[in-house]
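Look at the two complexes coming up: chain A is in both, with chain B in one and chain C in the other.
Showing the complex of A and B:
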């Protein structure tokens, strides 16, 4: 029974765009894009490498792609790989010294937080090219649908692009999970010195996973830009987005493949429902702007205090616990 | 031409030092909490924001004497600090450090949006215009001078408290070894409570000084929160003198950077300087290895 569930979900995901109205389809696309980013973060987050700099990688993915397209006319088909390489270089430049000098835990989180701020501020400061805080819109090609420009006026086509990227993210997560590197990184997160003594290349392993995570995050940022056709330094970067990424993963579950996706579904649906509710209240003349994010923030705190393994992680634990009881 | 240029540079440096006073005060509270409780409060700047609102409402709207309003703000944020510790930090004190960082991150969102809900996103200011001081063709804002002076006094008071009182000694001792001190008969819970309240109180004091210079709005914390963490890490998390020096180094970089280009570049240089320094001295300027 449990074996068939992935096939059913897969089938539903493939037929979804043909039977879904525009608004739920939009939500589905957003969930898939963010799931890709969250999965990318969890690649390194599950090994205790808590980065608050993923907003930077997302911004790099989006801005490099969009700037190359607008100013040089370079197609996103080349622009996105270029953006991913840029993110990898950026990750290397910051992470290599960090790992070499054993900057871990709080310090690593705060150094990456600084990276996230640097990228945001550079985007705001170079407002002549990037539009600064006002945001940036990629030029539309022709009537809005162009394979060359990776722009699609209809949501259905883009849905499949994003679905493919999300599946790619899951496949990579799976490959890492099954690889030797995973055992190496697990052991590093327990004790770096002992792992090094056991012959594990500590810096190398951490660097590889960080760069992989940054590259996938940049892909997510680029897809976000191609879909929304609007990006801003605070919309896809800065401390807010960096924290949002970490939270969604914590809510869903850090140590399972589908955890980040579940986190994306929960957090996005939650914000959408609250937002619609606030908007409907506003039409009745009650202004409660801020209530939605207040509840959101409160729930995040409660999640971390009471469900540190996330919804899916807790669920799996409960099921496993129940099963063990049955056999004993 | 050269002479005028130098005057601008000197003005920028002095303004940087004055700005550094408030930053040093901010990082002092955060460092105290980190040194003792071993937790980074990501929401620290949001506590400051609530202090700024308190001064604004008491002094600006209800016309209460500004000094009483300031005392009210310090008391309120101090209680807030205690609440943060009791409600959020102590239930998860034993878990992974990153959980504590994230829980206060959740509080950051919560405080920002509660402020939006309560006060709306309007920019508000006290409407208090303090005079500008002119000194040999250089201009300094009186508010900044005041902030600098109060910040220095505040830091001296905290230093005396930590070195001259019994509870101060206990706070320093517990930051050195939290297991042994409990065995020595120190009530760790009480020390944490006092530390969180003092940390909150310092945030309140910083709020009183900031509200004289800046407009208050629900997202004001984002504009000086990250720089405060960076200062603490650059100085060596938990090291108060290191944080003090780091505050002035970074504020001068920001100020000079802002002189030659837009102010954002000043911040970019400051953050970049921080990242580079992390590789040269990962334990912070004065941190112990």
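Showing the complex of A and C:
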């Protein structure tokens, strides 16, 4: 029974775009893009490498792709890999000194937080090319659908692009989970010195996972850009987005493959519901602008206190606990 | 096998080791004895690459160690059993052992070495799926030594393996050390438990306030008046 569930979900995901109205399909696409980003973050987050700088990698993914397209006419098929490499280099430049000088825990989080602000400020400062705070729109190719430009006027095609990227993210999560590197990183998160004594290349292992995480996040940023055809320094970067990434993963569950995806579903639906609710109140003359973010923040705090393993982690624990009781 | 010449080391501006020169020959067991704070742990960390020395030379089988990071020093055949064992308490005994074979040079022999460790310490085989943190102190020490052996080393560095253990267990730990010796490993051990450690090693150095003040054969040191007075309270 439980074995058939993934197949049923897989089938539903494949047929979804042909039977879903535009608005839910849009939500589905956004969920898949953010799930990819959250999964990418959890690749390193699950090993205690808490980055508050992933907004920077998303921005790099989006802006490098879009700038190469608008100014040099370079197709996103080349631009996206270039953006991913740029994110890897940026991750290396920031993480290598941190790991070499044993900057860990809160201090590492603070350094990465600074990174997300620096990248945002650079984008704003280069407004002549990036549009600054006003945002940036990739040039449309022809009538809006072009394989070469990775632009699709219909949501259905784009849905399959992001579905593929999301599956890729999960496959990478699974490969890491089954690899020797996971052993190494688990032990590093328990005790760096003892891991070094056991012959584990501590700095190297942490660098590898950080760069992998950054690269996948950049892919998420680039796809966001190609889909929305609009990006802004605060829309896909800065502290706001960096924190959103951490919160969503914590809500969904940090230590399970589907946790970040569940986190994306919960947080996106929550924001949508609040937004619609507040919009409808406004038509009745009640202005509660900003209330949505407050409630959202409050709920997240409650999640962190009462469900630290996230919704999926808690569910799995409960089910496993129940099963153990059955057999005893 | 291991040669240190004029090694100075410490933390930041604080110097913990002054002009240390010592050697360990293949097949030997050598102890470095000293009170708390003498610099014993620092010495072990310098040899295994976890703390960078200020100056001095270190060689393993003629190869300079100075520029190597810890994981490469493991590949050169030096395994470190750290102070306080430092197991991964949330992992099973077997996972702890397998992590010891993480070095590139050790991976292909991992299964063979695991068999060897289980043969050497049958207790570990019984406990293979238990969480390492839930074992007794003596068993944890066994696991820590086993983890070091998993890297297929020539030289074992042991940092106070008897610290914090009950007297009966201390006896067992030193018989483990003796077992290790009989298997042909070269051992450099630091200890405060002078009486006991001198029973299992060939030679010893005395370390005080970061300086080596004396050295000699175990037998002679055991009989030396100054050692008996200073370290054994006799």
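Annotations
Keep in mind that, in the parts below, the second predicted complex is superposed on the first by the 328 of 328 C-alpha atoms of A that agree within 3 Å, B and C clash if a C-alpha of one lies under 4 Å from a C-alpha of the other, contacts with A are read in each partner's own complex, and residues count from 1 in each chain.
Throughout what follows, contacts are C-beta pairs under 8 Å (C-beta built on N, C-alpha and C of every residue); 3 or more make two chains touch, one makes a residue touch a chain.
In this text the structure is predicted, and so the values were computed from the model without any measurement.
Of the two partner chains, neither chain B nor chain C is touched by A:312.
In the superposed model, A:186 lies in contact with chain C only, and not with chain B.
Of the two partner chains placed around the shared chain by superposition, chain C is the only one that A:197 touches, whereas chain B remains out of contact. After overlaying the two complexes on the shared chain, residue contacts for A:254 are found with neither chain B nor chain C. For chain A, the partner with contacts to more residues, out of chain B and chain C, is B. The intersection of chain A residues touching chain B with those touching chain C, taken from the two complexes, is empty.
Across the complex, chain A meets chain B through its residues 48, 50, 94, 97-98, 100-103, 105-107, 109-111, 113-115, 117-118, 121-122, 124-125, 238-240, 243, 246-247, 250, 287-294, 296-301, 303-305, 308. In the complex of the two chains, the chain A residues touching chain C come out as 180, 183-184, 186-187, 190-191, 193-204. Of all residues in chain B, those touching chain A in their complex are 40, 42, 88, 91-92, 95-99, 101-103, 105-118, 120-121, 218, 222, 225-226, 229-230, 233, 237, 261-262, 264-265, 267-268, 271-272, 274-275, 278-279, 282. On chain C, the positions that touch chain A within their shared complex are 48-50, 69-71, 74-75, 79-82, 86-91, 95, 98-103, 106, 147-148, 151.
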